[in-house]
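One structure is given below, encoded as C-alpha cells.
Order of writing sets the chain letters: A, B, C and D. Residues in each chain are counted from 1.
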Amino acid sequence: MRKGVMRPGHVQLRVLDIDAAVRHYADLMGLIEMDRDDQGRVYLKAWTEVDKFSVVLRPDDEPGMDFMGFKVVDDATLTQLGKDLQAWGCAVEEIPAEELKGCGRRLRFQAPSGHFFELYADKEYTGKWGVSNVNPEAWPRDLTGMKAVRFDHCLLYGDELAATYDLFVNVLGFYLAEQVLDDNGDRIAQFLTVSMKEHDVAFIMHPEKGKFHHASFFLDTWEQVLRAADLISMTDTSIDIGPTRHGLTHGQTIYFFDPSGNRNEVFCGGDYHYPDHKPVTWMAKDLGKAIFYHDRQLNERFLSVLT
Amino acid sequence: MRKGVMRPGHVQLRVLDIDAAVRHYADLMGLIEMDRDDQGRVYLKAWTEVDKFSVVLRPDDEPGMDFMGFKVVDDATLTQLGKDLQAWGCAVEEIPAEELKGCGRRLRFQAPSGHFFELYADKEYTGKWGVSNVNPEAWPRDLTGMKAVRFDHCLLYGDELAATYDLFVNVLGFYLAEQVLDDNGDRIAQFLTVSMKEHDVAFIMHPEKGKFHHASFFLDTWEQVLRAADLISMTDTSIDIGPTRHGLTHGQTIYFFDPSGNRNEVFCGGDYHYPDHKPVTWMAKDLGKAIFYHDRQLNERFLSVLT
Amino acid sequence: MRKGVMRPGHVQLRVLDIDAAVRHYADLMGLIEMDRDDQGRVYLKAWTEVDKFSVVLRPDDEPGMDFMGFKVVDDATLTQLGKDLQAWGCAVEEIPAEELKGCGRRLRFQAPSGHFFELYADKEYTGKWGVSNVNPEAWPRDLTGMKAVRFDHCLLYGDELAATYDLFVNVLGFYLAEQVLDDNGDRIAQFLTVSMKEHDVAFIMHPEKGKFHHASFFLDTWEQVLRAADLISMTDTSIDIGPTRHGLTHGQTIYFFDPSGNRNEVFCGGDYHYPDHKPVTWMAKDLGKAIFYHDRQLNERFLSVLT
Amino acid sequence: MRKGVMRPGHVQLRVLDIDAAVRHYADLMGLIEMDRDDQGRVYLKAWTEVDKFSVVLRPDDEPGMDFMGFKVVDDATLTQLGKDLQAWGCAVEEIPAEELKGCGRRLRFQAPSGHFFELYADKEYTGKWGVSNVNPEAWPRDLTGMKAVRFDHCLLYGDELAATYDLFVNVLGFYLAEQVLDDNGDRIAQFLTVSMKEHDVAFIMHPEKGKFHHASFFLDTWEQVLRAADLISMTDTSIDIGPTRHGLTHGQTIYFFDPSGNRNEVFCGGDYHYPDHKPVTWMAKDLGKAIFYHDRQLNERFLSVLT
C-alpha cells in the first residue's frame, strides 16, 4: 500500500442476459443486489464489503470485463496517482462521480496488457451487509447460495507483461508475490498484491490483449468450497474445474462459468504476503502443478476459454 | 447383519514391488504394518480397527485383488453360512486357521461376478492402534500420511450382477443401499451393505469377470481429503480424480493408484443406511453425475482402468 | 441388531410453550414440521430420516421426556419382543396404531431406570425430506438453522443401571459400547448401541428415576457445530457447554436448552461400533475428561440440571 | 502500513524452565527451534515466516513478556520512526545488531501502557521452513503438534489506553480495527492493526501497567483448532478456554498456558481490515459476548490471570 492503492474495489462485467446473470451472481453466489441504473446495470456486493458495490453487471452482446477498479486511500492520492500514470505514459480518463451510482470520480487507464483499470477514492459506505457495526454477529443469517465473502481479485490474459509489471509495481505500488518463469527466465505469469493477499490482480502471458480469465470471490473454508461445488451441480451451472488446490498461492478453489460464459472462481485459504517477502517462483515446465496442484496437468479449457 | 455377516474384514492385493507397496500403504496412506509372513506377504491395518490386519499385500507379477474377506459374528454362524453358500450352489473352500497369521479358518467362495470372497469368524484382537481401551485419547499422535481411519469397502467390476445380488442379499444378508438402473430397468451397479455404511461392497456391470476397481479407506473429514490430495501431489503419486463428491452415496472422495496400478480411494462423509431404507436409484443416463457429482461426466480412465 | 431392534425412531418431549418450542426445534435446529394432532402435539423430523417423524413435542406444565421409541424390523419381531419383555418381567402396554399419527401399534414399557420406552415396527415412509429418491442431490437447499441431520440418541439419568443393562442387552439385543466404572468396578454410565453408532441410548447413574438429560441430533461436520454455536448466540438461546469434544465416544459437541429447559445436543463425528468391539472404559475418577475432553472438568450444571 | 511499520516480528517471553518451554512451544505448538544464544535464550519461528525467528524464550524467575518487536520496511524508516517516537515524547533505546542473533539494530521504547516495544528493519531471511521458494509444496510434511502457521499478535493489559492509542495510531501508523466502549464512551479495549489482520496488537484497560495477557498464533482452520484442543488434553497442558469464537474479530480460538504460566492462543479465521474500515465497536456491558461469543460470559481467570 506504499502508493496509497488499497484494494480491488470493483469489476464491471458484460453479460448477455441480465436476469440470468443476477440469478447467477445473487442467488447462486450469494452476492447482494444493491442498486440498478438507467443503463440497465446491476450493482452487487459481497456481505463483508463495507462499500456499496463491488460487482457491476452491464448488459451487452459480448461477455468480458469492461474494467477493474482499485480504491485508493484518499482523493489527494487519487490526484497524485493520476499524474504518476500520465508521467509514466498512460492516458488517463476521468469518469465523473456518480457515473457509477454511489462512486466518486474515477481515473481510468489502459494497462499495456490491454485491460482497463480505474482508481477511485470514494464510494458510498454502506457497512457490512446484514450485521451491525456495534456488537456485530458473526455472520448474517439470510445469505443465499455460496455466501461469497468478498470480491477478491481478477486474473487477466494479455501481452506486455513486463511493461504491465512496471506500471503496477513502480507507479501503483503493487508487489510481486508470485510468478511463473519460462526456461529463458522470462516471466509468463505475475501475481500482484497491494496487501497481505497473495494476489489482488494477476496477469498471464497471452498473445491477445485485454482478455478476461476470471473474477474471484473469497469463501471462508474448504467446506464452503465443497458446498459451492454442490450448488454448481444442483443448479446445472457449467463447471470448469475443482474443488482443488492451486500450486500458485496454494488457495483451495473451484472454477465455473456465469450464464454469459464469464469464468468465476470461489476459493479459500492461500498464502499471505508482506512487502519483504521474496516472490514465490513456479517454473513454466511445471505449470500443470502450479495451476492445479493435485491433477498436475492443465485442462485445455482453462488456458483457452477467455472472454 | 441379519445373517451374521458383520463387516469387510480384509482385502488381499497383489503388488509388483513389496517395498514400494509398503511405502504407499504405510507411509503415504497411514496404515500400520502389523506383520509379515514367509510367503512375503505384508499385513497392515488402519488405526481404528480392533483386529490384527485388514490389508494383505502379496508380491506377484500382476496387480489385482486376490480376495476380500468378511467377518461374521461367531464360528457357528460361519459354519451355517458355509452350508447356505453350498446350498445356493457355490463351491466353498476352507482355508485353515493361521494361513493368514492371526486369522481363524476362512471359507472361500467365488461369486458369479468372478470375484473371490471369504468369511471368517476369528482374528487376533489387537485393539485400536495407538490408543488405550481405558480412557482412550481421541487419536494417536504418531500416525503418518493420510492417517486412514479404516478399510471401508471394495468396488468390483464383473458380470452376472443379478446372481451376485441374489447371493449377497439372500444368502449373506446384505441390503441393497444404492443402485444404477439402465433404460430397461436393469441394474448395472449395486451398492450392498450389512451395516449403517452406504456400501460394504459394490459391483459394476462389466463384461469381464473378476476385475478390481478400488479398495477404499475412510477418512474423518473433507479437510483430511484435501490433505490426502496434497500428499498425493507431494509424493508424485498417480492420481485418478478428486477431491470431489460422489452422487452415489454422496461421499467426498479422491482416487489414486498404488505403485502397482491398483486403484485406491480415500473418502469421508456419505449417507447412512438402515434395513428399512428403500434403495437409492441413479439412472444410467445420469451416470456421470452419479459417479462424479461435481463434474457430471465420467473420465474414461475411471471406467476402464482395472486390475 | 441381533434381536431386530433397528434404531431410535422417536422421542416425545414435554414443552411449556408449543410455539416457542417449534421455533426452537424447527427454525433454530432445522427440523421440519411434519404434522400436528388434536392433542396439540407437533411432529417433526430431521431431513435425512425416511420416516414421518422423530420428535414429538407435547404441551404440558413440566418439561421432560414422555418416552423414547425404537423401530424394529417387522411386526413379527415386535410381537416377539413384547413377549420377551414380559418374560423378563416388564409390564408391556400396547398403544394402538395412529395414536401417534402415521405410526403403527407401539409396545410401551418402563425400564428399571424409570424411563418409558416403546417399540414399533411401522411408520409412514415419507422418504428423505427435500431430496428425491432418484438421482438425489447432496442436500436440500432450503434447510434452516442448524440443519440437523438426524435424531441420534438420548442420554438418561436414573438408577438400577445393572437391571437396565440386562434388559437392553439381553432382551433387546443392544451392545455395550462404552462405560464408566467407579473405583469398585461398578458401572455408573453405560452407552448402548444396536448399530454402528457409539450410542443409541445412554444411561448415567442417578438416585432419582426417570430423569431426562438430553436428546441429541447429528450434524455433518465440526464446522456445522461451530455454526450451531453461532446460532445459539445469535438467538440468545441458553447454552450449556461447547463447542467441545467428548472423551466418551470422542464426538464433537455443543449442548444447549430448549425454551422449556430440556437439554439438546448437536454433535458430529465420534467413534463407531461393531458387535465384536470390546467396550471402551473410562474411569470415574477421570469423569471430567470422559465427559468434556478438553476442559477435563465437569460443570455442575451438566450433572444436575435435568428434566 | 502508512508509516512503514509492517508486522509483528517477534515477542520475547520469560520462562521458568527452558526445556519445558521448548517442549511446549516446539513439540506441542509446532514452532521450529532456530537457534540458541549465550544468554540461554532459545529462538523459534512458525513455518510460514520468512525471517529467522519470531519467538524468543528467555529463562528467568518470573514469567511474562520482555518486549514485542515490529518489523519496519527499511532502515531509513526505522531511523525516522525513532525520531518520531522521541518527538512524541518516548525515550528510545537502540539495541545493537546481533544482540538478538540474526537481527539488525532495534529501537526500543516503552508505551504509556507500560509495555516495551521494539522496531527493527532487518532480520536474517531464512525463507519459509520446510518448503522451497521455487515450486513450493503446500505445507511441510514434518511439522509437529499444532503446526502453528505464524506468530500473529499479542494482547496486553495496562493503563493509559488513550495515550497508547495516540502513540500507535499517530506515530506508528496503526489503525483502530475494533474497540470496546464503556457506558461513558471511554475506550477500555483497542485492537490495532497495520495490515489486513484484525489486530496486530491489542490493549485492554487494566490498573497495573505492563501486564501480558497472551501471545497468539495463527492456525489454518477450525479443524486445526480442534486438533490443538485435543493435543492440549493429550499433553495435560493447562487450558484456559475454548474451542470457541470471539465476538471481537470473530476469530475461532482456544487459550491455554505454557508451563511458566504465560497464556497462549491459537486461532483461525476472523475478520479483515482495510484502512477505510470504520472501527467495530462492542459495548462494555456486552463484554462477555465480545470476548466469548458462544458462552456470552467471562470467566474470571481470563480477566485476572496475567504475567
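The criterion applied here is as follows: a residue touches a chain if its C-beta (ideal position, glycine included) is under 8 Å from a C-beta of that chain, and two chains touch if they have at least 3 such contacts.
Fair warning: this is a prediction, and the values are worked out from it, not measured in the lab.
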Query raised in the report: Looking at A-C and B-C, which one has the bigger number of contacting C-beta pairs?
Result: B-C
Report task. Pick same or different for copies chain C and chain D, depending on whether their interface residues overlap by over half. Result -> same
Report summary line: Distance between the CA centroids of chain B and chain C (whole Å) is 31
Report summary line: Cα centroid separation, chain C vs chain D, in Å, comes to 44
Report summary line: Note: chain C sits from chain A at a C-alpha centroid distance in Å of 48
Requested in this report: Mind pulling the residue numbers of chain B that touch at least two other chains?
Outcome: 138, 221-223, 230, 233, 245, 289, 293
Report summary line: Within their complex, chain D touches chain B through residues 137-139, 141, 221, 223, 230-231, 233-234
Query raised in the report: If you look only at chain C, which of its residues touch chain D in the complex?
Result: 222-223, 226, 229-230, 232-233, 239, 242-245, 252, 254, 289, 293-296
Query - Of all residues in chain D, those that touch chain A in their complex - result: 1-2, 6-7, 48, 50, 71, 73, 125, 127, 133-136, 138, 150, 195-197, 220-222, 245, 247, 250, 269, 271-272, 274-278, 280-283, 286, 289-290, 293
